[in-house]
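Residue numbering begins at 1 within each chain, and the chains themselves are lettered A, B, C and D in the order written.
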Amino acid sequence: MDKYREKAAAIARIGDGATIMVGGFGSPGTPFGLLAELERQGQRDLTIIKNDANEAGIGVSRLIEAGQVRRLITSHIGLNKRVVALMNSGELAVDFHPQGILAEKIRCAGAGCLAFLSDIGLHSEITDPGDVIEWRGRPAKVEAALTADFALLHAERADSVGNLCYRATARNFSPLMAMAADCVIVEAAGQVPAGSIDPDQVHTPGAFVDAVTDADLSDPAYGLMEGRYAP
Amino acid sequence: MPPEHLLRRAAREILPGQIVNLGIGLPTQLMAYLAPDADVLIHSENGVLGCGPQATAAEADPRLIDAGGAYIRTRTGASFFDSAVSFAIVRRGRLDLSVMGAFEVDALGNLANWKIPGRFSPGIGGAMELAQKTPRVLVLCTHNDKAGRSKVRRRCTLPLTAERCVSRIITDKAVLDVTAEGLVLREIAAGLTVEALRRDTEAELLIDREPEEF
Amino acid sequence: MDKYREKAAAIARIGDGATIMVGGFGSPGTPFGLLAELERQGQRDLTIIKNDANEAGIGVSRLIEAGQVRRLITSHIGLNKRVVALMNSGELAVDFHPQGILAEKIRCAGAGCLAFLSDIGLHSEITDPGDVIEWRGRPAKVEAALTADFALLHAERADSVGNLCYRATARNFSPLMAMAADCVIVEAAGQVPAGSIDPDQVHTPGAFVDAVTDADLSDPAYGLMEGRYAP
Amino acid sequence: MPPEHLLRRAAREILPGQIVNLGIGLPTQLMAYLAPDADVLIHSENGVLGCGPQATAAEADPRLIDAGGAYIRTRTGASFFDSAVSFAIVRRGRLDLSVMGAFEVDALGNLANWKIPGRFSPGIGGAMELAQKTPRVLVLCTHNDKAGRSKVRRRCTLPLTAERCVSRIITDKAVLDVTAEGLVLREIAAGLTVEALRRDTEAELLIDREPEEF
């Protein structure tokens, strides 16, 4: 059960018009190497599902700036003025969800369920009255499961079976996206032999993973960003 | 009053044993006012319980940030988890306190802090869930905006983050409690008169006892 | 933030009529010590939520046999003839759910959601037509979130902040029940100082845990059962 | 035919690279027929991917059982997870194959294996989700019950576990595929005639080529 693949071949499975979940909250967990390959191959009309739009010039922002993305399903893009401008000019469609609801919609698909009922933002402008039902005598918002053709994820370690471990805040949406997407492509900083991850410490079981590729951490996108640390 | 004063006052709201989320902006700066051994766990919605202060370049780990994007350290007893678990903590009501910024906050405890139609709409992030589900929401903001307009209002005019969610408001000018009767003035900035505060505040202020200075 | 408590005092918080989630799939993960204390204190009219009824003479079966339990919400009780007999005689009310749906109903409450939509068993006899709605042109079953006053859990390790690690198949429902119950009481075989569990390896963050007690593994219920291993 | 023969035939259904759930009873016994280095991962719904064979008393870990309660070993590459993740694997369709027992299975691929009204109703366990959501469901059972009644039926009479879910049926007497036309006989137990098999089978059997012996 060897899931190691060449990066270019793994990304070549993605066609124009695909819906792609991308791990990462800000930079940590963003699969910069997989995204760079997607930029190089040039697939278009993509729908991207990611917590944020990264920052201008890196990660999914590069795909958006290159015109490869038609729609972004996200939670918050406040750290990316270029993407905000593309949204405001109508060049990029953006759907916003509350952050934890976005996470839960992804997980809901991952759990093989259709939707969930929530009271978050029920009476706010984010709720389309058409999504409100009465349930047990009170209103509830139906939040549809959010699935995708692909998930692109960054892991700290992966074994040949596809078991994944994430590190620190690079975990974020990745375990949920691994569950939700039809085809899950992972870049791992460390590829380790099957059996070297304690079964109790696996964050994503290999059943959810289709391909594991190498991550080249020499890309500066994986390093520290200036101005974000204490003086 | 310098923001240090405001932050020092606000830091006293965080009690031993509490689990607290600090919003981006002013609230995050509270971290610097907590004792290094304070018995609190700071939650960050990107998947940390037990955030420590901002890390220096030498300490920083590129995989470890807070929800605002700053590199952080962790405290003893920290844990990492995914975004679904992170918001399960929020929506299940396991936070004791959320400290949030505001564009507007009103006498009913309504909060508006995510959108200015036509000018600013970067998405809701985690604010709606934090505001709606944390048992105690503390708003931390300047009393007036740069144009001098009161952020403390009879009724919010901007799209709401959540309704009737705020318990207490701490600004550079006052500490106000949201009660069934309206906003009650608890403390006033040193050197400010109640009359001057009322001029700077669009909402009605109730006074049931002499406000303390802070 | 010291969550260590005496077992008797922790269990004394439970009153008659309480709804209690109990971890464990079969024996692994069953908090035998907490259940023994509950049996000793004698609370009655309990509703128990557990995957199974353990086996006759151990775990939740002892509470059921002692008449302390009014209702059992479960998935499968085939390994416990005594409890099956009490169900058949009408002395014990039993609600059955498909195993993964039971898990998901518990997690749904833990995620602060109201319910989820599923197609499992939609057309089978387990589905009450009153729970079926039409959603996006097709029928879906509304599965209500399942909450509880208390959860009683067994962990392998716990620190003073309440961070938990489980071992092997003793994990099962416990992380979900920790999220779902109002008050979560844990027995831990190993109590370790805060800071000694790697933050990446915490299975249940302390935010979900109210009390940590000692587990006395000398109780034979924690040991091997005869006839279950290979000759 | 001894059950060994049935199990050995069924074990051939498990292909390299597959993730497989083995139900309680006959299916679990397939474990003993897999090569120790077989490139498969066995899922157990109590939270294991990578189950190994049953453990001896010396090897057994009281915290490590399969869904049937037997102490097991694990295989290289194993992982443990909670019950929600375990059934996410099932409902999301990440299993390749489920092998299940049956009280009844019919020509439409309907399966009944959880309840005999008035006699046996211990709860559904994980069977409904496994049967409904696994892309390929293989039923493994004796062809006839102890009273000689055919388990392979035109239509199930017992409450269903799932509708139209079964791909293949392997009994001690035959290997049958569920097709749009009905049950097609693929293989027959050595020494059994088609006429004898038809006498023992309530469902109609289609034959599109000479069945092989097994």
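The rule is short, and it goes like this: a contact is a pair of C-beta atoms (placed from the backbone, for glycine too) under 8 Å apart; a residue touches a chain by one contact, two chains touch by 3 or more.
Quick caveat: nothing in here was measured; it's all calculated off a predicted structure.
*Asks:* Please flag the chain sitting at the greatest distance from subunit A, going by CA centroids.
*Replies:* Farthest from subunit A by mean C-alpha position: D.
*Asks:* In angstrom, rounded to a whole number, how far apart do the mean CA points of subunit B and subunit D lie?
*Replies:* Distance between chain centres: 56 Å.
*Asks:* Would you mind pulling out the distance in Å between where the CA atoms of subunit A average out and where those of subunit C do?
*Replies:* Inter-chain centre distance comes to 32 Å.
*Asks:* When the centre of a chain is set as the mean of its C-alpha atoms, what distance in Å lies between subunit A and subunit D?
*Replies:* 36
*Asks:* Which subunit D residues sit where two or more other chains touch them?
*Replies:* Subunit D, residues with two or more chain partners: 48, 80-81, 84, 87-88, 90-91, 133.
*Asks:* Send over the residues of subunit C in touch with two or more other chains.
*Replies:* Residue numbers touching two or more other chains: 104, 111, 113, 119, 167-168, 171, 199-200.
*Asks:* Could you please write down every pair of chains that are in touch?
*Replies:* Those chain pairs satisfying the definition are A-B, A-C, A-D, B-C, C-D.
*Asks:* Under the stated contact criterion, what part of subunit B meets subunit A in this complex?
*Replies:* Touching subunit A from subunit B are residues 44-48, 53-57, 59-67, 69-71, 80-84, 86-88, 90-91, 122-129, 132-133, 159-163.
*Asks:* What part of subunit B is in contact with subunit C in the complex they form?
*Replies:* 17, 19, 39-41, 43, 48-50, 74, 76-81, 84-85, 87-95, 133
*Asks:* Which residues of subunit A touch subunit C in the complex?
*Replies:* 104, 108, 111-119, 133, 135-136, 140, 142, 144, 165-168, 171, 199-201
*Asks:* Can you list the subunit C residues touching subunit D in their complex?
*Replies:* Against subunit D, subunit C makes touches at 25-29, 51, 74-79, 84, 94, 96-104, 106-107, 119-121, 123-126, 156, 167-176, 203, 222-225, 228-231.
*Asks:* Provide the residue numbers of subunit C that touch subunit B in the complex, in ascending order.
*Replies:* That would be residues 1, 109-113, 159-161, 163, 179-180, 194-195, 197, 199-200, 202, 205-208 of subunit C.
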